[in-house]
Each structure stands twice: as C-alpha cells, then as structure tokens.
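Each in structure tokens, the structures are laid out below.
Two complexes are shown next, each including subunit A; its partner changes from subunit B in the first to subunit C in the second.
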Partner chain A sequence: MRQALRAEWTKTRTVSGPLWLLLGTVALTVALSACACSVVSCGSAGCGDMTRLSLVGVQLGQAPVVVLAVLVVAGEYGTGMIRTTLTAMPRRATVLAVKAVTLTGIVAAAGTVAVLGSLASGRLLLPGRAFMAAPGHPPLSPTEGPTLRAALGSVLYLTLIALLSLGVATVVRDSAAGIGIVLGLLYLLPVVSATIGDPHWQRLLQRIGPMDAGLAVQATTDIHSLPIGPWPGLGVTAGWATAALLTGGLTLRIRDT
Partner chain B sequence: MTAGVATSRSGRWAGPNGFARLVHAEWTKFRTVRGWVIGTVVAALLPVLVAVLAGVSSDQRGSQTVPVGPGGEPVTDSFYFVHRPLAGDGGMTVSVSALSSSIPSGPADLEPGTVPWAKAGLVIKQSTRQGSPYAAIMVTGGHGIRMQNDYVDDTAGPPGPASAATVRRLRLDRSGDAITGYASADGTHWTKVGTVHTSGLGPAVQGGLFVASPPAVDGRGTRGSVSTAVLGDLRGQGNWAGGDWTGTQVGPESPTFAGYPRNTSGSFTGAAGRLTVTGAGDMAPAVRETLPTGGTLGDLLTGTFAALIVVVVVGTLFIATEYRENLIRVTLAAAPARSRVLLAKAAVLGGVTFVAGLAGAAVAVPLGERLARSHGVYVFPVTASAELRVEFGMAALLATASVLALSVGTLFRHSAGAVTTVTVAVVLPYVLIANPFMPASVANWLARVTPVAAFAVQQTLVRYHQVTSNYTPYDGYYPLAPWAGFTVLAGYAVAGLATAALLLRRRDA
Partner chain C sequence: MGRSRVASTATGPEPGAAYNRRHESISNSRLTAVSAPGIVVAGLHKRYGATLALDGMSFSVRPGVVTGFVGPNGAGKSTTMRVILGLDAVAEGTALIEGKPYRSLRHPLNHVGSLLDASALHPGRSGRNHLLWLAHSQGLAARRVDQVLERTGLAPAARRKAGGYSLGMRQRLGIAAALLGDPPVVMLDEPFNGMDPDGIIWMRGFLRSLAAEGRAVLVSSHLMSEVQDTADHLVVVGRGRAVADAGVAELIAAVSGNRVNLRTTAGTAATRVLTQAGATVTRAGGRDTLVVSGLPADRIVTLLGESAVPFSEVSAHRAGLEEVYLELTRDAVEFRAMTPTEAAR
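Now for the complex of A and B:
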C-alpha cells in the first residue's frame, strides 16, 4: 500500500496537468467569489447569507477538480498506461484506493487555500457594499461556528466531488464522457429544479442533487428554511461519491482493462 | 512520381464531388460509433423529458384567470375607477392639480416616492370587465401627459408633471370607435394628443376618472405603490346617465394585481368640482414580474441546457477520438486538404445535431405547452412564427455549439480540456444569468458577449417601455434580439473553426 501510494504520488507530481488544475481551482474559486462580492446588489430586505455569498466561487472551482479527478483514471485509459499500472499492481481495489487517497489529499489542500482565499475576499470586499453598516453583520471570520462549518464543509464538498468524478471516470473509462457526465450531474439538476413548478418536486430535487444538497453546508442563516440541513446535505453528496466509487471499484474488478 | 501521386490523391478529394465523399466518410465515422449516436439521441430526448417534467410537476389548477386584452396578450387591468355610463358619443374634461405616490418603506409605514408610470386622468372603457377595450388620457408621475389605449398602445403628449402651479387639463371625446385625447395648460387652448380607434366599445360605455399606481422597482424585486390625485372641474358633454359617480376597484382579485400597500385602499372623496382619488394597480400589458406564475417557451425548453452539455461532449469526441486513436493520421493521409476535412466534420456534426435538436424541440414545445396548460399554468402567448423560431433556434443553437466544441477539440487535440473549456464557457454564464440575485447590468452584459447570448432565440416575452420592470435574462428578457443573440454564438463558432483550420494546417498531425 505504501509503495502503491508512492507510485501514485509520483505519477501525480511529475506531470504538469494536476498542478495547473489545482491552481485553476484556487484561482477560479477566489475570482468568482470576489466578483460576486463586488457586484452584489442588495434590496431593502438585505443581502442574505454573506458567508454563502463569499463562497459562491466553489460552484465554479469544482470544474477543474472534476477534470483533475476524471483524468487521474481516464487519462491512464487514454494513453494505455492503465495496463502498466494494473500489471504492476494486480490488486485493483488497491489501485482505486490509492488514487482516491492521493486525490483526497491534493484536492483538500487546494480546496483549503481556495476557501480561505474566498473568505478573505469576502471580508475585504463586502464592507464596500455597505454591508457592515447594518447591525447584525459582523465581519466574516473563519473561526466563528457557522462560518467554520461552511468553510470546512466547502473543502469536504470539493473532496467529495473529486471522489464522485473518480468513480464515474472508472466506470466510463473516457475523459470526455466522464467530465460531461459529472458536470452535467452537478450543473443540470439546479437548472432543472428551477423550472419545476411544484414546490414539492423542487425541494425533492434540491435534496437529492449532489451540488444543491452538498452546498447547503455553506448556509449560515435561515437554516430551517433550507430544503436540507448543512450536514445532511453534505451527506447526500457523500452518498453520491460512495455509490460512484463502489460502482467504479466493482466494474474495475470484474472488467478487463 | 511524387507529383503524380499528389495529383491523383488531391484529385480524388477535390471538387464538389470530392467534398461530398469527405462528408460521406465523416458521416460513416459518426454513425458507426455507438456512443456518439446514443449521445445525439439523448440530446434530442433531454429537452422533451424536461418539458414533460416541467409540465407535469406544476399545478395551478383553480387559480384566478389571467386577464387578456383585445390583442390576446396578458394584461393588468386593475385600477380605481370613478365612473358613470355614457350612451353614444360624448366627451369629458377634467383638471389635474396633483399626483403624488407613496411606496412602503417598512411593514407599516408609507413614504412619498416617485412612481414614473403612476397615472391619473380620464378613461372611456367598454365596461369594468377584465381586459375590456378602453382609451384613456392621463397625467403620469414622470412621463408627462400620455394617451393610451387597449393596454399596449402609448402616445406621448406634452411633458411635465401636474401640480398646483401647473394644472393640467385633459379632455377625451368619443365619436363612434374614434376617441380623441386633448391636453391644455389653461383650459382654452387645447392640443390634440392623438386619435385612436378602439373597436368593440359598443353603444354604451363607462366613462370617468381613474388613478393607477404600478409597483415600484426596488433592487431585484418590486414593491406595491399607491397614488393619490386631486382632480377638478369635471364636466361631461353628451348623453351621460344622471345620478352619482360610482367608485369601483377594477380587477381586485386579478393575478396581475399586486394589491394595495398595507393599510391603504382605493377611494374617492369630494364632488365634481374637486375630487381626491386614491388608487393602485395599472392599465398596461402584463410582464413577467406582474405575472410571475406565467410560463414561457423558454422555461419549457430548459432541457436545451442539458442537451447542450451532451452535444458538446459528442462534438469534442468527434475530433479528439481521432487524435487519441491516431486515426487522424489516416484521415489526413487520405484527404490532405486539411481544412476541407475539418469542414466536412463540421458539416456532418452540425447537420446531425441540427436534425436531432429540431426533432427534440418540435416535440418538446407543443407537448410541454399542452401539459402546462392542462395543469392550469398560464403560458405567455406566442405567434406561430415565433414558436417556429424558438424550435429552429434551439436546433441551430445546439448545432452551432457542437461545431464550437469540434473546433475547440481540434485546438486542444485532447478531449478533457476541450470539454471542460466549452462546458464552462457556456455553463458558467448560464448559471450566472439564471441567478435571481445577479445585478441586471452584469446579467445583461453576460447575455450580450458570452455564448449564452444565443439563448435569446428562446425569448418570447415583449418589453414595454410603458411598464417599469426588471427586464433581465432571468425573467426571460434578453438584451439582444433572437437572431442577433444567436449570431454571437455563431461568431464564436466561426472564429473557433477558422483558428482550428489554421492550426490543423500548420501543425503536425
């Protein structure tokens, strides 16, 4: 296992793609968060959840994470490297496990930087939008309970999205199809649920969608009116990731390369 | 020797016949890869599926009927009306010495505010029935004197507000179907504002004073307002019924009426010499914000977005797979004119996607409309030609996006980067404009310059200058005209294709 991990880490470290994608995650997350914080317009009813607003970049930053995670396995299929890998490590469950562990590590590291950067941009930019003048809007602080949960949850969310992508890519063995499926799954359900007229169906879709449910963890206000609570929501995303990884592991085991 | 080979090779693929062969070769590649065919079928089915889901999941049966104007469009027909019957031809004059509006600033308090389209004046209306024809002349809060009729028509008169210092006098005459409005500053010199022809008024009409006060835009939403006007010197000419003036709130239960702010209501006090009339609502076409429960064809076609992602994946793979399997070397060896290979690929991919998209739209639009209507949803009306434009527009949007994906795939020579680039280029602006909290300026800018501008082909709503509202892509109003928006996407696709052709020629395979 140790050697397998080392081998996987060497593969990740020695090509330039993963590093660029992780930098892309950080850059896109912070950039979108900063944009959102600097253009937000507030009606008389207030601006809503500031923590969530300053973490909105995660919705975009997850795209490079998806690409990275899909390429970790589909890239090997694309180049034929997978045969070498499986010859060297005949225990296929181990192969998937070390890929998952390596991926978790690097995505969590990049995710932490991205999330802290987003919160910092919110802390810097939101006062300029006349937020702090109103009472009940203290500056964002990552050590405060709900904001800490949102920050930690966002990092976990990115990690779970990576694992979901890894599982899907292992099943489809093709990078374009894998990326298309995961991005479709993430971005489509919110758009579709917005057109659903019946609030009951709408809430149901928001409860089961990996992005809608998982990002509930970013909420810090009005938690009781959300379709799903912060941690149960992240649990739904975890369920998606687990199911994808299990299916991936199973197909990897029973299929020829 | 070499020259001979080159001639025979280029001869085989040259000319119109040669291009037809190239297209045939690419078509054979496309139809024999199962995944691409399945992807195309899925792209056609997704809009249908989402349209069915959107139709079936909504339930508005039993909701109030939406008032419809003489032109068939949904309207707001709710205002405070001080009226009497008028038989046959006749007219009336009135002076307006004040029009002030109030907007609620909190749960209980009203504050004076500006409502540019607050209205007070004279109206001749077939009856108090919802959506009945009318013609009116009025003083507005910020747009001077206007003459309006049948909800959608608006004619500008002399500018300036009404106040005690600048009393505005209005006159409205009926002669058959022709109604003429006049304005005057002194009561002796009258300026004609306009003559309108309103059919269907009938012999006996309701005529009198009205006050309306549409909701005021506040950030991304609206707040109901109320306006009060002081009117005087009310005189009638013609066969007016005797008796007192009747005050009626027209359309109090209409779904297009936001109601009065708390603790206010419509009323009139005083006599014909000096009347104070308070009212809310509007006599105008309904827009998305005044009728939020209404559906549009664009809503029903949300599945376009799903189909778009599938089409992008298939389009990218159509070229990236050639690079991955090294088939590109065989392809380019067989047809050395590289730009023509790319063109043939674009023709096949675009053609197939167009047909699939058109099939999907042709089923999704009528089916979704039918299901939504049968579940009591009011669907904003569209002409047959606009419906056709929406369907062909969706097919063209998908086809063009697939060509863009093909071009980016050729640039990257790698499916992962290309799929992500194109998906994010389309998805991100779409997600941003679909966010109700996006400021209108940013959303409109995105819908002008990014590939999502092409979603304007699905626009079926009409903006009215005489209705203040948030006209944003989120509400179904795009800043560009349908085909102009499509041209933005087409521009990206053409630029992408040209760059791809250039690089394909200059690069090694």
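Now for the complex of A and C:
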C-alpha cells in the first residue's frame, strides 16, 4: 500500500495537468468570492451570511476539482494506461484506494488555500461595502466558531466532490461522460429544484442534492431555516461520495479491462 | 491432417530434449529454483456476447526458450495475454505464473514483465517518469529505471515526453517497463509492430538474449515471418485455442511429412512410374519440381533408374513455417507434438 501510494504520487507529480487544475480551483474560488464580496450591497440591517458570501466561490472552484478527479482514472482508460496500472498493482481495491488518498491530499491542500484566500478577500472587501457599520458583524476570522466550521467544511466538501467524481469516473470509464455526469449532478440539480413549484419536492431536492446539501456547511446565520443542517448536509455529500466509490470499486473488481 | 500421422512424424528429436539440455546449462546460473514452467494456461473459455473468444486455450511457456504465439488476428492471442495478466476474467480455466494466479502476486513485475499496448501511456509524462512510477509501485529504486533505459537504448530520449515518441520508441519503452523487475517470465504482444528493420533485428537478438538468460519468453505475432527466426517453440492458435504446441523443427517436419522433392524434366513419365508404385505425386511451385509422398527417397531413385526416367535432384521436402502456419490455421485441427511424458509411455 505504501509503495502503491508512492507510485500514485509519482504519477500525479510527473504530469502538469493536476497542478494546473488545482491552481484553477484556487483562482476560480477566490475570484468568484472576491467578485461577490465587491458587488454585494446591503442595507443598514446587514445582509445575511457574510461567511457564506465570501465562500461562494467554492461553487465555481469545484469544477476543476471534478475535472481533475475524473481524469485521474478516466484519463487512464482513455490512453489504455489503466492496464499498465492494474498489471503493476493487481489488487483493484489498492488502486482505487491510493487514487482516493492522493486525490484527497492534493484537493484538501488546494482547497485550504482557496478557502483561506476567499475568506481573506471577504475580510478585505466587505468592510468597503458598509458591512462592518452594522452592529453584530465582526470581521471574518477563520478561527471563529461558525466561520471555522464553514471554512473547514468547504475544504471537506471539495474533497468529497473529488471522491464522488473519482467513483463516477471509475464506473463510466470515460472522461467526457464522467465530467458531464458529475457537473450535471452538481449544477443541474439546483436548477431543477428551483423550477419545481411544489415546495415539498423542492426542499427534498435541496436536502439530497450533493451541492445544495453539502454547501449547507457554509451557513453561519439562520441555520434553523435551512433545508438541512450544516454537518448533516455535508454528510449527504459524503454519502454520495461513498456510494460512488463503492460502485466504482465493485465495477473495477468484476469488469474486464 | 489426422492426429495419428502427426504423432508418428513428430518423433525425430524428442521435443523436450533440446529444452532440457538448455535448461540444465542455465540452471546453475539464474533460475536454480524454477521447476514449474513460467506460464501455464489450461482450458481457458471466454465469450464476448455471441463470439467465442477462447475455446479451451491450453499451453505452457518454459524457461530458457522463446515461445512464439502465432495465429491470425482475432484468434485469441491478446485475450489470452490479458487473462494471464488478470485483466480479463474467464468463464472456465486457469492461467498461472510460476504456479500462482497473477492477481495474487505481491510485486507482479518481479515475476512477469509484459507489454500489451505500447501506446498505453500518458503522452505528457516523460519515458523516464513513466518507468519511475512503475518502479515505485514495485518498491524498486530509480537506479533500476536507468539500467533498463540503457539496456533498451532509450536513455537519450528518456527525459522527453512519451507523447512525442515514435511507435518503435514506445515499444522500447514498453520493453524497458517489462524488464524493470528483472522477471523470470517476459510476455510481449506484437512487439515487432511499428518497428523499422533495424528495430526488428534488434528485437530478435534481444528476445534471444532474454531466453539465453534463462527467462521464459512468450512473443505473439500474427505474422509467422516475424517469429520464425527467433522462436524455438511455437504455439499456433486458431479460433480460441492452441492448434499446435511444438518445437519449430518438429512442426516443420510434421507438416512436411515424408514428402520428397523431385526435380525432373520428364514430369509425366516420373508421375506414371511413381504412381504405379503407390506414391502420390503433386506438382510443386517450380516448373520442373514434383512433390512425392508415400515413398522414401532411395526407393524413388531406384524406381526412376529402373525405368530410365531422367532426374536431376531428389531431396526431402521442407515446408516453410508460413506453409505450416497456413495449413494449421486453415484446418484448425488439433495438433500437438508429444510431450516428454507422453513419449516416455
């Protein structure tokens, strides 16, 4: 397992794709967060959840994470290198496990940078939007209770999206299909739930959608009015990731390559 | 071609004798512990939908010999190799590497080096880094990577991106990967593909040197001409199974039969005389050449002399391997030289 992990790490660092995609995640996350923080306008009563606002970039920054995670396995199917991989490491569970561990490590690292950058941009930009004038709005700090949870949760969210993508890609074995399915699941489900008139179904979709539910972890105000609580929400995303990885592991074990 | 005729013609040198001598000579150096053959494939059956891909594929690959694995495209060569490597599952049968299934090997590259598809690599990774991750997966040091790069002549291009390699260079990279773990068994699928004449000559010498080091070498090809100068032993496949599993010499002898080439300008007269004596005479490629079966050469000489039929040459007919191959794969009949144990009975 240690040797397999080292091999996977060597694989990851000897091509340029992963690094660029991780940099893309950081750039997109911070950029969208900064944009949102600089255009928001608030009344004197404040304007809701500053932490969530300054972490909104995660919604965009997850896209390169999806691409990266899908390519980690589907890219190997594309070139046929998966056969070389499985020939060198015949234990399927080991192959998937080291990919998951490596992916978790690099996405968590990039995610941490992205989240801290977003919070920093919020801290810099929001006072200019007359936020701080309102009482009860201390400057954003990643060490303060709910913000810490939101920041940590966002990093975990990104790694769970990576694992979900890895699992899906292992099942479908095709880069385009894998990226399409995961991005559709993330971005189309909220659109569908927004167009549904029935509030019951709408709330249900918001509770089970991997993005809507998972990003509940970013909320720091009005938690009780959310469709799902912060940690249970992240738990839903974890459920998606687990299901995808298990299905991926099973197909890897039983199907020919 | 019936099985009985094959058995009677495949006597000559005992099939296992050459191998045994060779094996004794190398057993002191490298493979002292090897007693089980490198690869043993037994009764593989596999179906893709309606197509029967493997239909009782059985053969073994022994150390110290280059075994050619030949057959038309679609005969099941690549499928068999994937099954040996644990990539494809079979409905029935077993494929063992030194007595163990591939998936149970802890550091498989130390047991079998294989090359299935030379283009199966990330185009953005350098050749050296491709070997490096493989080495790391087996707990091997980077030093080993440089050794195999030297041996395959790829060292000058090692730090370039593999996407820019020619097919011949990719073949060499794939072979470098196969040699990483210094394995006793080497298995290459169509290694001659995409190689220029220099590369083909290099590959032939290289395969022979691997066998001379005591390794079991299995090389597939859909062209007999590619392996005929390299292989000592041939497994000919057709329609998902081995239709022949014998030494090159035995195979040629078996297909040649007891046929005799007769060169004569008096073809009609010779045919009449020999047919009366019970022989079967056919006209061969050359204008003046007849192929006679059913009579030994000395009897033919006597008969023609008695009847005063002129002739310039009488020689044993030697089938070319291409001819052997075509005959075997056309009929897809079971053909097997006696194994040493069968011969002992």
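We adopt the following convention: the second predicted complex is superposed on the first by the 253 of 257 C-alpha atoms of A that agree within 3 Å, B and C clash if a C-alpha of one lies under 4 Å from a C-alpha of the other, contacts with A are read in each partner's own complex, and residues count from 1 in each chain.
In this text, a residue touches a chain if its C-beta (ideal position, glycine included) is under 8 Å from a C-beta of that chain, and two chains touch if they have at least 3 such contacts.
Just so it is clear, the structure is predicted and the values come from calculations on it, not from any experiment.
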Side-by-side fit of subunit B and subunit C on subunit A, or clash: fit
First, second, both or neither for A:16, with subunit B first and subunit C second: second
First (subunit B), second (subunit C), both or neither touched by A:91: second
Touched subunit A residues, subunit B compared with subunit C: B
Partner chain(s) touched by A:75 [first = subunit B, second = subunit C, both, neither]: both
First, second, both or neither for A:194, with subunit B first and subunit C second: first
Spatial angle subunit C-subunit A-subunit B, Cα centroids [nearest 10 degrees]: 120
Subunit B versus subunit C as contact partner of A:7, first or second or both or neither: second
Which superposed partner A:60 touches (first subunit B, second subunit C, both, neither): first
Least C-alpha distance (whole Å) that remains between subunit C and subunit B when both complexes are overlaid: 11
Contact residues of subunit A, present in both the subunit B and the subunit C interface: 75
Residue ranges of subunit B touching subunit A (in the complex, touch as defined): 35, 50, 53-54, 57-60, 105, 218-221, 223, 295, 299-300, 302-303, 305-306, 309-310, 312-313, 316-317, 320, 324, 372, 375, 377, 415-420, 423-424, 427-428, 430-431, 434, 437-439, 442
Residue ranges of subunit A in contact with subunit B within the complex: 39-44, 48, 59-60, 63-64, 66-67, 70-71, 74-75, 78, 174-177, 179-180, 183-184, 187-188, 190-192, 194-198, 201-202
Sites on subunit A touched by subunit C in the complex: 3-4, 6-8, 10-11, 14-17, 75-76, 79-84, 86-91, 254, 256-257
Complex contact set, residues of subunit C against subunit A: 82, 85-89, 102-105, 108-109, 114, 116-117, 119-126, 129, 132-134, 136-139, 177
